[in-house]
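In what follows, chain A forms one complex with chain B and a second complex with chain C.
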Partner chain A sequence: MKKLRKSFLFDQDFCIGCKACEVACQTYHKQEPEINWRKVDEYEVTENKKLKSVFLTHSCNHCENPICAEVCPAEAYTVREDGIVELDRDKCIGCGYCAQNCEYDAITIVGKESKAQKCNMCTERLDIGELPACVRACPMGVLSIIETNLADRAGMEKEVVGFEANSYVPSTRFYPKFVTGMKRKEFSIKI
Partner chain B sequence: MGALDINNGRRSFLKGTTACLVSVPLFGMSYTSTKYDKVDHKPTQTNGASKYHFVTCPRNCRDACSLVAEVQNGVMIDIQGNKSHPVTKGHPCVKGNTYREYLYQPNRILYPMKRVGKRKEGKWERISWDEAFELAGKKLTDIKNKYGGEAIGEMVYSGNEGHISKTVGPGNLLEKIGATRLVRNPCDWPRYQGTPSVIGTPYSKDMLETVDSDLYITWGSNEAYTAVHWARFGQDVRRKNGGKLVTINSVRTPMANNSDMFIQLKPSTDPFFCLGVCKVLIEENLYDKEFVSKYAMGFEDLVKETKEYTLEELATACEITPEEIVEFARIYAAAKRPAIAHGDGGQRHFNGARLVRAVTFLPVLVGALNKKGAGLFWAYTNLGPCYDFSKVMPDLSPKDENGESIKRQTANYVQFGRALKLDNPTSLDTESQVYKEVTLPTPLRAVIHYNTSMMTTAPNSDLIKKRLMEDDDFYLIVLDPFHTDTVDYADLVLPAGTFLESEDVQNDQISGYVCYNAAAARLVGESKINLEIFNGIAKAMGYKEECFNINDPKEIIKNMIDTPFSKMQGITYERLVKEGQVKPIRTVDSMKEHFPYYPYCPETELKFKTPSGKAELYSQYFKDSGFHPVIDLDTDWDYYKAHKEFGKEYLEKYPLYFMTPGTQLQNNSNWGTNKYILPRVLFDGYPELFMHKKDAQARGIKEGTVVSGINEKGKAFFRVRIKTDMNPGVTYAWNNIWCRTTKTDTGANILCSDGISDLGQGSTYTATFIEVEKV
Partner chain C sequence: MKTIKAYHPLIMTTHKFILIQTITLIITGLPFFSKTFSFLAYYVGYPASIVLKNNEALVTGLMIFRTLHWVSGFLLAITSLIFAIVMLRRLKELSIWPEKWGVEAIIDGIKQMKLHYIENKPAKFGKYNMGQKASAWAMYFFVTALIITGFILVYKSANAGALSLRDAEFIGTLHSFSFIMLGIILIIHVIFALLPSNLPAFKAMFQTGEMSIDHVKEHHIYWYERLKKQKIIKDEIEEK
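Let's look at the complex of A and B:
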């Protein structure tokens, strides 16, 4: 059976910016403290003439046309059938072109080995039917995994405050703006 | 041992973690990282050899998360949330994710040590446990013989809420000594004056009821940072129930951003707001007349009080608009099941009890108290009948010739520096709910310090430091897993196990579970659990009572939960081990022997444990205590102006209100040096000070400027972050960032008020004023 494309799905209206996703990614990978594959940013917006903060959690967006793969001279990047952009660090030569070109700041080449590193949507977990470390850790349930096609059919957005979709066609999807009285639809995913 | 497998797939942390254990440097080394061999880019499955244990995070957070520790060969390789626990729902908070790194942090204290240099010099000598116990026993015995038992004190708070770690082990020793016990008053003591003065109960309803609410009001609380699961319950009222969310806070909290309405009150002006809401409810006929006539007393007095002020006057005092009061009152009255989740933030003021009393009026007026999912909720549920502490804590206190316990002096947490003064040491008069300072007849000569780090978390910490630095004979025994700020001042350092290494039970504050905590991991280094350490000191002091022979927490747990109520509820040791947390079912019937009043009385026949049996909107007790019997409108500013040691000039000299709320990255001082936490709480070597642009500009301060915060208590250094989430005139810094991690070895608590609240003898951390200057 063909594996369906997967996306991160984020509900900005209910994120509290606690950084559990950031930290859970680090502890799961025993990461160096200064390296974050997933980051939480805060944005100030004016709504009904009042200032408020909104948060964005972001990592690799597993783009449909990943620029990292395109510019990599070592052919270290591959795109899986389910859309996940994977990096083979044995092939990586640490040139940094991928990191320079990724407009989403999803790749880092600092760290002990001076090779590129980034989110792989925890493929090793997805492949055994488990959710990525960040999704599992989110205490607010605002970060999930969804089939990209289903997200699009269900009217999920491609952009949100702090995030613009560029020509690489990022796969990350966002819940539409919440209005009181609405009830948030939850999606279950068969991994 | 609670073996279970909540997740099928597991990954191998074993190799790296074992290596990390071996490579833990000895005490005193840098606390910057737990070294892993390498980053695990694709963690693989474990080999199935893991054991799983239920533990309960014991940080005095209202969530009391049920967690599952994964252990191999005594080493904890992973920790996850318990999926079957209705509060935790499988997710720890942000910092809970780092418990492995916490447990094996490089600044764990690995063996007992005694001070050989001057305080703060960091010169230690490793000693054996036998020597440590002998030393402690001899010192304490000498002091007791020379000055009496009360010359020995304790310092403790909520670093570990386990009953055995916090209450049983230390309690038996300190009672036997006849020591100066500590009044543990930082948190929510005004609550137990304010709320019962209206509705008679110190106990909240089970807050899990709020899953049925259609309006969740978070008030004086930042659940997103201090009780994250309740942020989800609150937001789910809006997200899933189609209901509304309202935030009332002086700071725009994360939940405020996601609320239908955010009301930003000037700190400590909540009673003005409440009176305004009452005014609208009454004048617009929105209150529940049937409920009020049946159950409330003093309604006419309240009506009279609402007529004394215009809505404009009340709104102006709160720095909001009258329209906001009206809108809130209408939303509140329209809701079928409105829940107020009231935090501790509103209590740490000079008007804490009066503020809580005023908030308690609202659910009375709209008749919300007896509706499921509605009313007022706070972090204290009734678990008393589940335990019988007397079974494990015999009365060992010194007696007079008639066999009566001799009344002893107490010190209190908030004013510990005052209690430590050699010249006129003071504390509060525990006979009085109103603050009365009393002189301690016996100055303290030694203190046993456990489950806290006073140099980081006590207010006015420079005053504590003064005694420690000036009196080399003062003897400080510190039990701690880590090299904290306080360890720097200790004479004897005893490595204490963390909750992950100690079996215990504790309470879940807001939903009311009895929570079990397994000794999941093997003790690091030579650490011992608190119980064994206190028993060891007792034996070294020559005490022979049987309780000092019991070093197995299992025996104590079995004994203390052996009560008729627990039996009826089926709460047993075995069940706790198997299920992790067990909630007694509190019904009118099951609680009738223990608290036959609201919230445990028939919904149609409410009986309040107040003098009149009704909800008292007029309180003779508040009047007798010198406050307004209905709603009292004094604020922190009024307190400072009225008191001669401060006065109007003080507020001119220190004009900025300074709050110290908690960050989501620490809980009190816990996690303060964790490798994944520390870089997130420091701003280039300094703790952050959050300032409004207007206040910053007036002082020539920009984002990132290094500043000093100053008041009469001392000086602390920060790096400024310009924020818009509070009003001008209000500043804040995260509480309890470790001083020794900062460039200047100072922290916010140096500045914090060590005053005492109006009633209930609570703290006033929040009611602090400072001036900020560029360095």
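Let's look at the complex of A and C:
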């Protein structure tokens, strides 16, 4: 049976910017201190004439037509059946084309090996039925994994404050603003 | 046949060396320029991967190509530097400066080229015509740009955090743009060098280093006059 495309689903309204996702990712993948596959950015917006901080947690968006795979001369990137864009670091030659072309700054080549690295949606965990480290670590439950089709049918947004969808079709989806009473677990993928 | 030394041995050697380096640089750079040329890396990488037993033909090919590209670039930079230092001492004698300056001289230069290349009539040239001089300057410029941007890119590869991604992208784009421009100029340069009317110059550059005085008088009148003024032609005849 064909696997369904997976996406990160994020609720910006309830994110408190604690960076637990960022730390969990860094710890789980044993990254060097300066490397973050997942980052949390803060934005200031005006709501009802009041200044308010909103947060955006972002990593690789596992695009449908990933530019990283398109430009990689070593063909180190592959797109799995479930839409996850995987990087084979053994194949990476560190040219940096992927990092330069990714509009979301999701790829880094900083590090001891000078090779590209990015979020793999913790495929090794997903494949054994566990949630990614960032999703598990979020104390507010604002980050989850969802089937992209299901998210789209449920009216999830493709853009949010600080994030614009580009022509490479990022898979990340966002809860619509001010939707209340939604039973979130209905939309979470059963792994 | 009375001849004159047309090219200094250093120029001939450097020209041959630069030719080899440029071909190597183009071939080894193409798989990084566009994935359309990945097959080149496969050709080299496949036998190498069998020897290395790593089953990664493309990656092995790319690594070999990149090493060759860096080494060739380094050698080209060294050659160009030595050439530039030696030539700077003879800057005024070089034939890459215009015989005359100004708009009228440019219009006349174009007219002379049209006479020679299109109408096949005798034209008034120096050692090089206006097109050759312009392409020489363009080549100097783009080779310099390629060497400088190339060194920055190598430095970036060795120190991943040395440049921001946007700066690295900008330098990479400049490197690619300079390569495209140089490629176009080189194609034109080779086509013109292989024209029958340029055969004596071609032979002089790659074989003898000398050109017949009759040919110089007929095709490079300004150069002939300059040599006569400098009494070089007379000296050459006496030597023979």
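Just so we're on the same page, the second predicted complex is superposed on the first by the 183 of 191 C-alpha atoms of A that agree within 3 Å, B and C clash if a C-alpha of one lies under 4 Å from a C-alpha of the other, contacts with A are read in each partner's own complex, and residues count from 1 in each chain.
Methods note: contacts are C-beta pairs under 8 Å (C-beta built on N, C-alpha and C of every residue); 3 or more make two chains touch, one makes a residue touch a chain.
All values derive from a computational prediction rather than experimental measurement.
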Looking at the overlay, does A:A99 come into contact with chain B only (first), chain C only (second), both, or neither? second
Partner chain(s) touched by A:A24 [first = chain B, second = chain C, both, neither]: first
If you stack the two complexes on chain A, which partner ends up touching A:G111: first (chain B), second (chain C), both, or neither? both
Per residue count on chain A, the busier partner among chain B and chain C is B
Which partner does A:D152 reach: the first (chain B), the second (chain C), both, or neither? neither
Tell me which partner A:P33 touches in the superposition: chain B (first), chain C (second), both or neither. first
Touched partner set for A:E75, first chain B, second chain C, both or neither: second
What is the shared patch of chain A, the residues that chain B and chain C both contact? 34, 111
Once bound in the complex, which stretches of chain A touch chain B? 13-14, 16-20, 22-24, 26-35, 44, 50-55, 89, 111-112, 117, 120, 123-125, 128-130, 136-141, 178, 180-184
Which residues of chain C touch chain A in the complex? 31-32, 35, 38, 41, 56, 58-59, 62-63, 66, 156-158, 160-161, 165-166, 168-169, 172
What residues of chain B sit close enough to touch chain A in their complex? 7-9, 11, 13, 16, 33, 36, 38-45, 80, 89-95, 97-98, 100-101, 224-225, 228-229, 231-232, 235, 238-242, 244, 252, 254-258, 260, 262, 664-665, 675-676, 678-680, 724-725
Which of the residues in chain A come into contact with chain C in the complex? 34, 71, 73-76, 90-91, 93-97, 99-101, 105, 109-111, 114
